[in-house]
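Got a structure for you, questions after.
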Amino acid sequence: MSEMIVIARKEIKDSLNNKFFLSILILLLILTIVSIVLGTLQVHSQIAQYNRSIEFLKSMGKTNLPPMPSLNPLSVSKSFVNYVAMIGALLAIVLGNYAVSKERKNGTFKLILSRSIYRDQLINGKLGGNLLLLALINFAIAAVTIIFLTALGGVSLSQADLIRLIFFFAASFLYMALFFIISLFVTLLLPYKNYALLTVIIIWLVFAFIFPQIGDTMDMDNQLPGGFFASMGLNRAQEKQIVNKFKFYETLRNGIEELSPTKHFERISFALLGVKPGFKNNTAWEIANLKWLNLAGLLVPNIILSMLSYLVFLRRENL
Amino acid sequence: MGKILSIASKEIKTAFKDKAFLAVALLFLLLSILSVYIGSATKNAEITAYQDIVNLLKSQGATSIPAEPKIFPLSILKNIINYVAVIGSIVAIFLGFNSFSEEREEGTIKLLLSRPIYRDQLINGKLFGGAFVIAGLLIITLVFNCFLFTVVSGMNINFAEFSRLTVFFVFAFYYMISFYLASLFVSLKSQNSTFAFLLMLIIWMGVSYVIPQLAESQKNYVYVLNNISQTMNQMPQDTLISKTIEIFSPTVQFKNIGRDLLQVVPEHAQLSLFTLLKLNLRSIIYLLVPGLFMLFGSYNSFLKEGN
Amino acid sequence: MLVINSLTKNYDGFTAVDNLSFKVGEGEIFGFLGHNGAGKTTTISMLVSLIRPSSGSAEIAGYDVVKDNLKVRSMLGYLPENVNLYSNLTAFENLYFFGSLSGVENVEKRINEVLKDLEMNSWKDTKVREFSKGMRQRIGIAQALLHKPRILFLDEPTSGLDPQGTKSIRDLLLYINNKWNTTIFLNTHLLSEVKKICSSIGIISHGQLLMTDSLINIKKKFGSEKSLEDIYFRIEGDQNNGENTVYSI
């Protein structure tokens, strides 16, 4: 146990001394703040805009008025989730890669393994240290978010809101952990030059951009600005009726999206942060239950890849 | 010129022997080609959906029927804009990030520079090599797309549309070359190719994702009354802040020009190419500047290095 | 063949090479000796016109390494320390590339000649990344020979090689020198290497030239010392301590 802690501690210290890692972390924190500030500005302008529109509509004698926009800057700033997803994933990829490639390059793997230490202690230490670091990073972003949301956004967070945020950061931790483990696994498998890093970046591109992008472009509603169905003047019920006729097409689209952990993370996050309408009255637990498939989409690959990493690490003679 | 070509052909050879580059280039080609399929399939689904909507509304006794969505041929290819913007730039980064740093790591830069060649010949050779690879990829995409387009969608494009498509590919080339130049510059400045790669990824993220998102968040979502249904739709509208933020992202500029050229914006779909380019002049300038800046930076830094 | 005059290189207040002056005659194998960080690589870099001297000058076959750098580079062959070549390309592709850059006519024929001379013909189509360190060095020397240079600059060519590899590179250098009368400028810190193949040596320490002469003259001068190693340490000892007491045996 103590060897494991020594290794975990070394991992954390090593990363915190890594200027590149620190730069990405600072970038992530700054973007979180910027996103909250811009979200706040947007909320104010939207409310003004909304009021003007309502005045106009009332003057035209309309009674069917659009609902008031959400007052929570987080829900307006979809980009917040995206930054965490994107930069957080890159951060995790760098951690996973360095955890193996640095030791390999400097020959320290051999030094460590020539000590009286088991291989599983070494990988446990690496996993433990880095996952703890990812948890700390999420904690830091959570703290910054809550502080700036209350201080700048003027939003008083209820207990339910706080729990939702905690759930969001738990999901974000799982998402980052997944990319950390993918990166660790691939780096263990590919020892030649920086091929491992390039390969993980390609995997990341496929998951984080390509699958969601294909899903997006197959979305009929996305084809016209403002939405295809809305431009055709359909309400939700009518839209559903039409979409039902394209079951196969929609299943295919959904299937492609579900291959992507990024989409899983996005779906849970949008529900938790109120970006996606329809979850306003649910508690965080209820949302987690409703979105169990997405949660599993993050959790299961994490477990499988951790096991595979163990396997490779314990069996491979030449690390 | 012979020496520049030697360097260029070496660059091309190494690029096509690099598995990581090949993987990302293949991904790009595959997606660009797939995008025609997806585009056509979605459009077909949309037309069927329209018929269903008409039937549904008629059965509900509606009197005003929404107009049939107008389909402009090139708009079927619109996904390619995003693929060039996101994956195309990554392809260029994969191509350029180690062009100098790896030569340094492997010691070959010393072998090159101890040959009777000028430093600018070396940089020109690398530039030509990169440009050739990027142009090659785009030409393959263009040819395949034109072919598939007629086969899959059954539509034909006229000369004006073909000119639009060609000009789009010229901009796509410039956009990708800008990223290649940026990678070349970073690679020149960095001793370590892994660091150069990660730095380029951060720049790519900032330029093609973070800045556009920031700009997007500052757009005004105005409520627009639908003529037919009398319902309210939210439409994004540029604001001064969103426009200012966008200046810093060549990706946004490229997407703006691309959307116009590929008839994604219905109001501009029938304009002449010249009018369209004049309309997009500001975007074109914002797109051109960073690439030129990087080109100058690379020359300047490499030529100075000898001192 | 090589004339160096007060050659100096400063980096931000640090003098890497200090006022170096010496000559190397045509057809000589010159061993440039010094400990790590003595200024050997900086000197070679200036001579092959990779970096510019801060002051002083150097000429190769009458051409200035700064003013006539293109001409100079067409006359020299260079193998830096720890060069890996393009590992994804084959030996032939690497040589073809470097040969073309040196303006070699009929490159393919010339590559075959050089590979035959170096007994590496059968490895022509193998990717360089599959080569052992020794093989890589041989290909490295091959690329330096393609354009029939009059002078070869080699920076620690045997570093990291096993005894067999070291011997084979040494034999190769003697062969090149005998066959084409190529002048060889050899950076090294291995005294055994110098003893076996060099006709003259220069010793550099902390950027300054301590002495240069033919090996025969040096041995005469330091007749009392048993070996080249003793001579080297004695000269270095003089420099470091002002006396010859520390290293002399």
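Going by the order they are written in, the chains are A, B and C; count residues from 1 in each one.
The rule we apply is simple: a contact is a pair of C-beta atoms (placed from the backbone, for glycine too) under 8 Å apart; a residue touches a chain by one contact, two chains touch by 3 or more.
Chain identities (UniProt): A, B = ABC-2 type transport system permease protein; C = ABC-2 type transport system ATP-binding protein.
Predicted model, so just to flag it, every value in this text is computed and none were measured.
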>> With centres defined from CA atoms, tell me which chain sits nearest the overall protein centre.
In response: B
> If you average the Cα atoms per chain, which one ends up farthest from chain A?
Replying inline: C
> Busiest chain-chain interface by contact pairs, anyone?
Replying inline: A-B
> Rounded to the nearest whole Å, what is the centre-to-centre distance of chain B and chain C, using the mean of the C-alpha atoms as each centre?
Replying inline: 48
> Taking each chain's centre as the mean position of its Cα atoms, how many Å separate chain A from chain B?
Replying inline: 25
> Once you find the CA centre of chain A and the CA centre of chain C, what distance in Å lies between them?
Replying inline: 55
> Can you list the residues on chain B that touch chain C in the complex?
Replying inline: 2-3, 6-7, 10, 13-14, 17-18, 105-108, 110-118, 306-307
> Which residues of chain B touch chain A in their complex?
Replying inline: 19-20, 23-24, 27, 31, 34-35, 38-39, 41-43, 45-46, 48-50, 52-53, 56, 66, 69, 79, 82-83, 86-87, 90, 94, 193-195, 197-198, 201-202, 205, 209-210, 213-214, 216-218, 220-226, 228-236
> Which chain A residues qualify as touching chain B in the complex?
Replying inline: 20, 23-24, 27, 31, 34-35, 38-39, 41-42, 45-46, 49-50, 53, 57, 64, 66, 76-79, 82-83, 86-87, 90, 94, 101, 194-195, 197-199, 201-202, 205-206, 209-210, 213-214, 217-218, 220, 223-228, 230-235, 238, 241-242, 245-246, 249
> Can you list the residues on chain C that touch chain B in the complex?
Replying inline: 45, 48-52, 70-71, 73-74, 76, 78-89, 93, 97-98, 100-103, 143, 153
